[in-house]
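Two complexes follow with subunit A in common, the first pairing it with subunit B and the second with subunit C.
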Partner chain A sequence: MKTLKAGTRLKSAACDTEVMVIRTRPEPVLLCCGGIEMIAMDGQKAGEPDAAFANGTLVGKRYVDEGDTTELLCTKGGKGSLAIDGTPLAVKEAKALPSSD
Partner chain B sequence: MRPAHLLAGLRVALEGRGHASDYARLLLASLGAELAPQRDDDGDGDGDGDANEHPALGWRRSGLMALTGRAARAPQMCPLPLTSCADGALAALAALGPGLHVEAGSGAALLGVRARIAGLTRQGAVSPGGTCHLLACRDGHIAVNLARPDDWTMVPAWLEADCNGDWDAIAPWVSTMPAAQLIERARLLGLAVALSAPSTPAPWLEVAVPCTPASPRKAVGTASGPLVIDLSSLWAGPLCGQLLRQLGAAVIKIESQARPDGARNGPAAFFDLLNAGKASVQLDLASPAGRAQLARLMDQADIVIEASRPRALRQMGIDAEAWLTARAGRSWVSITGHGRAEPQAGWIGFGDDAGVGAGLSELMYRVTGEQLICGDAIGDPLTGLHAALAAWASWRSGGGHLLALSLASVLRHCASFAQPASDDLLRDRHARWTRVAKSRRALAPARLPFAPVGAARPLGADTAAVFSAWLRRAA
Partner chain C sequence: MNIVMALEMAAECHPDRIAVTSGTNSLTYGALLRAARTAGAQVRDSGCRHLGLLDINSLAAPVAIFAAAYAGVPYVPMNYRLTRPELEGLLARIEPAFLVAAPAYVDGLSMPAGNRVVSGGDFLALAQSDAPPVTEAPGAPSDVAVQLFTSGTTGAPKAAVLRHENLMSYILGTVDFAGADEADAALVAVPPYHIAGISAVLSSTYACRRMVQLPNFDGATWLDLCRKEAVTNAFVVPTMLSRVIEHLDATGESGALPAMQAIAYGGGKMPPQVIEKAMAVWPAVDFTNAYGLTETSSTICLLGPDDHHLAFTSNDPEIRRRLHSVGKPIGTVEIAIRGADGRTLPAGEIGDVYVRGGQVSGEYLGVGSLLDAEGWFPTRDRGCVDAYGFLYLDGRADDVIVRGGENISPGEIEDVLRLHPAVSDVAVVAMADEQWGEAVAAVVVPRSGAAPDTAELQDWVRQRLRSSRVPVAIRFREELPYNEMGKVLRRMLKDDFRATEPA
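Up next is the complex of A and B:
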């Protein structure tokens, strides 16, 4: 379990996935990718994705938990899928376009 | 591959003295056209020949002068002939086919048209549209463009600080951080951030994956014009599509149900200007059925215009290279912020921040000592004009090209055109051009290259009609 912070970068211990935390809740969470807890960017890989968490991540997509309290941006895609406290995260829709730039 | 062969064998006579004509000839020559010899100009290189509008008058008449400078102070001159680049790109395009109205200043008029319609004005270090701010960081200045409302939700992650909300809250955090770190994190997050730094030249167009072209095509009338699928939004891509329509193309604008063109929520007159006359098709691109419909329409098309990051299209199963090789004679126009190569392909860019990244604000700082945004989303209309030229040149030459343009490279190409060799010359030109601009009392804007033709089609108004036409063709 870890307390996440906006801006923190993490990587998967089971695949190539990397994420940045966009927003989160104050309580500690168990953030996993491929069924293994995600690690710091300089951490060591610890296995392969669990078949139950192997739907993959896509770079540029944002992932949210069921209660919409935590949002992650995938900065590098991989084979594992993301989950918080055992519940898979869902892809959030792309940003609406601006009316002008 | 260099773009040089697109117009190989085409002989163009393009008269006119001054920066705009010079820029038009430069573009046509870069596409391989053979230019008929010119009379000598007066040799002062200042663009004050009798045919072209003086770039200083162009800057003022197009409205860009009123859009540049601090709100409470006098409007500012940009000592680069950027309006001449717009006039020149339009003249080069018009040399390839009839349908566009070209007079001195009509290309430049496109650069100021959105602000004229929306009533925008200069705000110093803030873009006229209000979403792009030049901010001081620890070791320089960066442009930050939070154009999409959702961008604000990324700010705490970008700065690793609890400062969601407004620009005043962001500035102190940014001031303590180095530019390299701010830019690297912004790129990871998909935020449009650029370093304000001196400009370096770049080619305006890259032609990739050429396929065997069909035979060169003559100038076309409406009956035999290409079918264009326009997947783009906002300004640059839609302008490109509208210019092609004026030249004889039939254009279908395709929008996603979940993510229609955001410009529909802006001033209607501006959206109409860029999109009237195009058929409007709405598809559910999140569903396999919608994507299959898109593939069917794209199968009919001769030219595709898109302004997405390459990976976004790949994730939808759209592949430019495969589309080009599936049938000879096609052209694909890719408009990005910073190019299709990795890692730039993943970076976001809008017109104002791309202008800063191309060196315009750094140049304005050198001549005025102030941090200023130049014009209104200036990268958009300039890129739209250049993209139309590339598309029409490719179409005329028989197609088979992936035409890659970026806001950054078009702006760098324009910014390096006729740029003085020293700061002294730059400041001298700034003073002279400011006097030239102030020497006239009132200046009405030039006529646009195309007249507004009424209202754009409502979102999806032609979906059924376009598909029944497709079924008839397929039967």
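Up next is the complex of A and C:
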């Protein structure tokens, strides 16, 4: 369990996935990718994705939890899928703004 | 959170897509990332504390923005049109700097000994060499990514600082990652030292969109480049759009831009006639008005294509006037209008525009943060929000004319005078007045062949506005002094009235 912080970057211990926390809740959460808890950017890989959490992540996609309290930006895609406290995160459909620059 | 994240993601996803085109040269996103990392190592190892740019737009500019982040120093693009003493002042303020500069801009300047100067070409060669690159950007999200000297119509230029977290808050809040198509191309005509020049690089990179640079703007070249490079998106300041329209009017040539999908504009007040004309010339193009400041990491409000269309085709004056609005705040920022006593004003009342959000820096070197305890930044713009939530700007707080305690905005008087058939351009400024403290004065540029007289123009205003709005003095000029971004230099006009007796 970790208390997340907006702006923090984490990587998967099971695949190439990297994320950045966009917003989060104040309580500690168990954030996993591929079924293994995500680690600091300089951490060591600890295995392969669990088959139950192997739907993959896509770079640039936003992932949110059920209650829409935590949002992650995938900064590098991988084979594992993201989950908080055992519940998979869903891709958030972005509302595109017109290009202004 | 660091701006290089945008480039690393783009290079990971679309390494072979062209990032930027300058003349006949291009860099892919993969090559831009390698160049930024390699140049970053050189800058870091030089021991310099800033990466400066004193040059027109070129491939070196986007490389330098990201190279500075990899070196862990602020990127400081400077206005190459400044006078020699002004430039020498800035160069002393950023010493020791790794300075990318065209020889023409630094020849004969007294250069601080700690500044290392390389040309744009040499910088690119360095960036594309086999020297060892930086693998990871150092530092924290709160480190300064960009330092911009504000145009400073009064006093010495202030150095606005934009932190990585400010710029990335703007990018993540407004741009869809890899949202651009392979064929998309954005024309960048603003200079690299303008906030829109910075945000163009960051937004395009995060969208994985190709940038096409136009270093020296003129209307004909802009049109040519749009066609030659099949440009789909362009950002212009109002003066640029005026020049393009003037060129079409003068030559009678076709304005056809087959690939163009969207034109965004900002950086100053858009004359209603110009945007209406542009919408008529390019009916299939989506227009967006973007309002933002250097201190807010670019855009904070948008008037989007749907609102433009609705306003343009409406007969209801309340809807139609939205073409004069800068739209609504983007989702990640809030706007408030405050009165002189600091309380929030109701819809429709004009006051000071305040803004709050992650992208708002509101901070200058040596001055500190101008944010209040709740995070609100005073933009120094005047304006009001209507009942529908649209923001209307009403000039700069510094330009308001205070006549006997009454606040008068130059904008409404200028709008009225501009409608006079003999008036081509106009600026309204304050002049000292014994009785009222300040009085309204106007500088008018007559249309060619026309010779309006003072009494006629005063009558014109008197018939349309309150008597306090009638200029007591009117001067005629062949043209108004503008800075290169199309902003009227009101201070110079005020000096005119200070130096001589009223007409």
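To be clear about the criterion, the second predicted complex is superposed on the first by the 97 of 101 C-alpha atoms of A that agree within 3 Å, B and C clash if a C-alpha of one lies under 4 Å from a C-alpha of the other, contacts with A are read in each partner's own complex, and residues count from 1 in each chain.
We take it that a contact is a pair of C-beta atoms (placed from the backbone, for glycine too) under 8 Å apart; a residue touches a chain by one contact, two chains touch by 3 or more.
These numbers were taken from a predicted model, which means no experiment stands behind them.
S.K.: Hey, is it subunit B or subunit C that touches more of subunit A?
M.R.: B
S.K.: Return first, second, both or neither, reflecting whether A:T75 touches subunit B, subunit C, both chains, or no partner chain.
M.R.: both
S.K.: Pick one for A:K5: touches subunit B only (first), subunit C only (second), both, or neither.
M.R.: First partner only.
S.K.: Check whether A:E93 is in contact with subunit B, with subunit C, with both or with neither, and answer first, second, both or neither.
M.R.: Only subunit B; A:E93 stays clear of subunit C.
S.K.: Which of the two partners, first being subunit B and second being subunit C, lies in contact with A:V59: first, second, both, or neither?
M.R.: both
S.K.: Name the contact category of A:R23: first (subunit B only), second (subunit C only), both, or neither.
M.R.: In the superposition, A:R23 contacts subunit B only.
S.K.: With the touch criterion stated at the top, can you tell me which subunit A residues are shared between the subunit B interface and the subunit C interface?
M.R.: 7, 9, 20, 22, 59-60, 73, 75, 94-101
S.K.: Report the residues of subunit B in contact with subunit A in the complex, numbered from low to high.
M.R.: 114, 118, 129, 131-132, 145, 147-151, 153-154, 156-162, 185, 188-190, 192, 233-235, 258-266, 309, 311-312, 315, 346, 350-352, 377, 380
S.K.: Looking at the complex, which residues from subunit C come into contact with subunit A?
M.R.: Subunit C residues touching subunit A: 1, 5, 8-9, 12-13, 141, 165, 172, 174-179, 186, 196, 199-200, 203, 207, 233, 235, 262, 264, 266, 286, 288, 290, 298-299, 302, 304-305, 330-331.
S.K.: Would you tell me which residues of subunit A are touching subunit C in their complex?
M.R.: By the definition above, subunit A touches subunit C via 7, 9, 20, 22, 59-61, 73, 75-76, 94-101.
S.K.: Using the touch rule from the top, collect the residues of subunit A that touch subunit B in their complex.
M.R.: Spelled out, the residues of subunit A in touch with subunit B are 5-9, 20-23, 58-60, 71, 73, 75, 93-101.
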